[in-house]
């Protein structure tokens, strides 16, 4: 164990599974649970310090504003962002959309001359990868449609690795923006961000990183990675639902036009004309997820206290146990490589079971108290590329133990037998 | 009292004010506090039933999904909405933006032929009022800019009432959408929704209601009001931060194109093509504010238990005490009419004090333990129209008592003296 | 019997394997209606075709892929619906939906009789997330019948 | 002394009323720089103009409206900055900002001396929401000086 057994910090893990007995929660890549500390931080704030942020001259408004901005600094520090580089959003999806729709707005002249650098038109290209979550595909499809730009993508090989041979032709002088994930929520693969950023920089393209799966498990420093924008979600990193964040390099964020409009974003408004504030205010229209920001900061503090290097080591160890175990069960196919070492992967495993539909696999596991996710995990193109229509996925977090993995492996070994013709067993 | 003294239900109200003593919270129109019941509902859900909604086959995912959809039904019931007519958003601002940007998307051909009814172009008109919150002005300014449509508005008179004499010329056959507030967060005026809806219907224009200030204080039934869309926020109605909702008539919501794109909104995705689900799913991209939905439903239940008719009566009574009191203090100008009876108003009062800037007014009140809001309350055009650059605002909620109002009135009476030249006092 | 055993009764596993009515067919002379339904969570799809001969549903055939519950459910649907009148089909459809709402409790003997193999799906009612799977074919049926009735012969 | 009394010291209330330097002026021959700053919460605005004569700030004039803290702060700024060199202005500016960070604690005697009437703003530091008001003019000064230095004579 790289750190103490933290299971006791998570109240929900002590509840019973469906048929009684221990709950084995292996659905953390979908959403993670909150430790008691994070719950307490929110509750205490609501009970003692809550008020409108950024506006009031009264005591509660003042305390709430200070706590809210301190939360922003804490989260910024956690991901290597500076002042004014973190915008609160509802989730990672909203963060990525904010960039894409901001570029769409710029392309329609909104944001004026300072936003011109974000405008796209016919002849321009947008690049994504075939491994992306829908949240990092559809916004770019729509942006392409809005602007006449072409959407291109970096393909994936049979195993799930990005094919980088053709990178220089896919990412070229016409490329205006390149959006890609840090790590896959299906194969678990941690992609070579540096290589992609270097190429984007060489051609002057903006980079947008989907860091939804990496921030919860790895030490992440956006400034060091050199990306221009990045998005992540609170609910996957032991934080509350209803909050995520967009990282953006300061100069860029101040010029990107907003695409949601309302209070607290403006300098002046007349019936015909509005002038906007700089970032992050210009993007945070209306009342903010204040309590959730406090909670997300508490989650970042909790993870920092464990140490992200230790968290990553824990994840890597579980990845190995899980992926080796899954791939050695007969009739079970692991999506992606076993990985490890120079082929880094997250602590998750998506797999298919010969002759048994993922829904049915999930149900049998649930009956054994094991919570996994079934479906295409919002990555239909990747599943299609890997020749699976959907899959079952087990995924770990800091509270996951070897024992959890072993329970999964044992139950999974029995799944095919369960659905085999009864005479044959 | 139309209902028992509920102050004890709100933990924060027992904390001390800045210089000690009782906290008089009169900033509820900015944001309201959560009763212990609402906190408990969220906490219990997180501790026992949290999981990914709408996707998993495991026990927690199942329980979370059921609770999440039950919360949607509860909130729908609270505002007279039917199944599939409530979309979760981050706040009221996001709800209004979702309609405006959906129309912008439709105008660019996104959403295909079924969305054509939402498209705008040159020659079309958008109508708002001069009384609106920025959240119901700027999205329409931008939509006008995106589509070439013209933005028009219903003016306000010296007192703050909408001037409806010219309604038939302002809202005409060219009008495609008309957005207006149910009640003003500055004058407190409750506008004649029926009259506006009738005119919009007569010319076939869509209606979008900003119900942010009405839902917390009045019995509201969107179906009965006959509006097409409406937005409101959780944090103003005793619910959590980070959640709001868009109401939309079912047939309309299914045809409005989404403007935020990602997981859980789609039927199928390939690298080049996406097909969307119907409402509400098509608008709820990515992981949702699940815990906040549970909390908002609990807030709706809390208000329903008090009875919205009783809540409205309480608000009306406080409105009278507050507005009569404020307007009778020398050198203090109430924005809007005293109101009451056939000139209905909310339980709030925005005012200016002769010779003293609102910030300074707010500070003196804060020193007396009274929390009010200062500024333009995100309604610069209305303030400009009323000849005030900004104002101080006191606003009530169910936990506000006569005593709170009286404390404000007393402290307010002393404000001018405080800033008078010392020799003169 | 655990919840799991109640859900995966042998008759369901058998139907999922045998898939009665699998393979689209369009008999000449009948009014044809077709529907394509997708379960967005897993991408499971069903394309179901009905052939209407007057008021009678002369044929129900289908294609697609999905979990054992969705596959077995269409297979049973085929057996139940083929040869019934529109009214009977609507009654069966309602009965099946009602079965899902029982959360695993046994249905009235009358309903039990009426649904035949369909009654085996009673256990699905205990798993709200799977009800969608069991209803996928029935949603397709409803839609396909609407399409067929729009057809002029 | 309550927090409120510490903030609204008589010297502040007086400056807010007297508004030294009010009324924009552009002396001939100087390099002129101007800045417009808005407090988005209340819409308070300040337009501040500096006239640079070589390294010396020959004039600081302004217009605008706002709360007593913001008005008094520009008035004091005018008195402190007019006639100083760019370096001295930068030092005064830093000292004033540092004063805000003290959360109401008294500044070093040296700083106290240097800021003169400006030291009266020490009480503002206890009210984070009001620090913005006190700094509005100083932000305008910084920006206006940048503009002025861009001017070729």
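The first chain written gets the first letter, and so on, giving A, B, C and D; residue counts start at 1 in each chain.
Methods note: a residue touches a chain if its C-beta (ideal position, glycine included) is under 8 Å from a C-beta of that chain, and two chains touch if they have at least 3 such contacts.
Here the structure is a predicted model, which is why all the values come from computation and not from measurement.
S.K.: State the chain with the largest centre-to-centre distance from chain A, centres being mean CA positions.
M.R.: It is D.
S.K.: Looking only at C-beta pairs in contact, point me to the busier pair out of A-D and A-C.
M.R.: It is A-C, judged by the count of C-beta pairs in contact.
S.K.: Compute the distance, rounded to whole Å, between the mean C-alpha positions of chain B and chain C.
M.R.: Here the centre of chain C sits 45 Å away from the centre of chain B.
S.K.: Provide the C-alpha centroid distance between chain A and chain C, rounded to the nearest whole angstrom.
M.R.: 38
S.K.: Measuring centre to centre with CA averages, how many angstrom lie between chain C and chain D?
M.R.: Chain C and chain D have C-alpha centres separated by 77 Å.
S.K.: Could you check chain D for residues that touch two or more other chains and list them?
M.R.: 41, 43, 127, 130
S.K.: If I count partner chains per residue in chain B, which residues reach a count of at least 2?
M.R.: 18, 55-57, 61, 264, 266, 268, 359, 363, 374-375, 380
S.K.: If you look only at chain A, which of its residues touch chain C in the complex?
M.R.: 18-19, 356-360, 363-364, 367, 374-376, 380, 383, 389-390, 418-419, 421-422
S.K.: Using the touch rule from the top, collect the residues of chain A that touch chain B in their complex.
M.R.: Touch residues, chain A against chain B: 11-12, 15, 17-18, 23, 25, 27, 30-31, 33-34, 39, 43, 46-48, 50-52, 55-61, 90-94, 96-97, 100-101, 105, 108-110, 128, 130, 133-135, 137-139, 141-142, 145-146, 151, 153, 233, 235-236, 240-244, 259-266, 268-274, 285-292, 359, 362-363, 365-366, 370-375, 378, 380-381, 384.
S.K.: Once bound in the complex, which stretches of chain C touch chain A?
M.R.: 2-4, 7-8, 10, 13, 17, 41-44, 65-69, 127, 130, 133
S.K.: Can you tell me which positions in chain B touch chain C when the two form their complex?
M.R.: 54-57, 61-62, 65-66, 264, 266-268, 277, 281
S.K.: Which stretch or stretches of chain C touch chain B in the complex?
M.R.: Touch residues, chain C against chain B: 38, 40-41, 43, 127-130.
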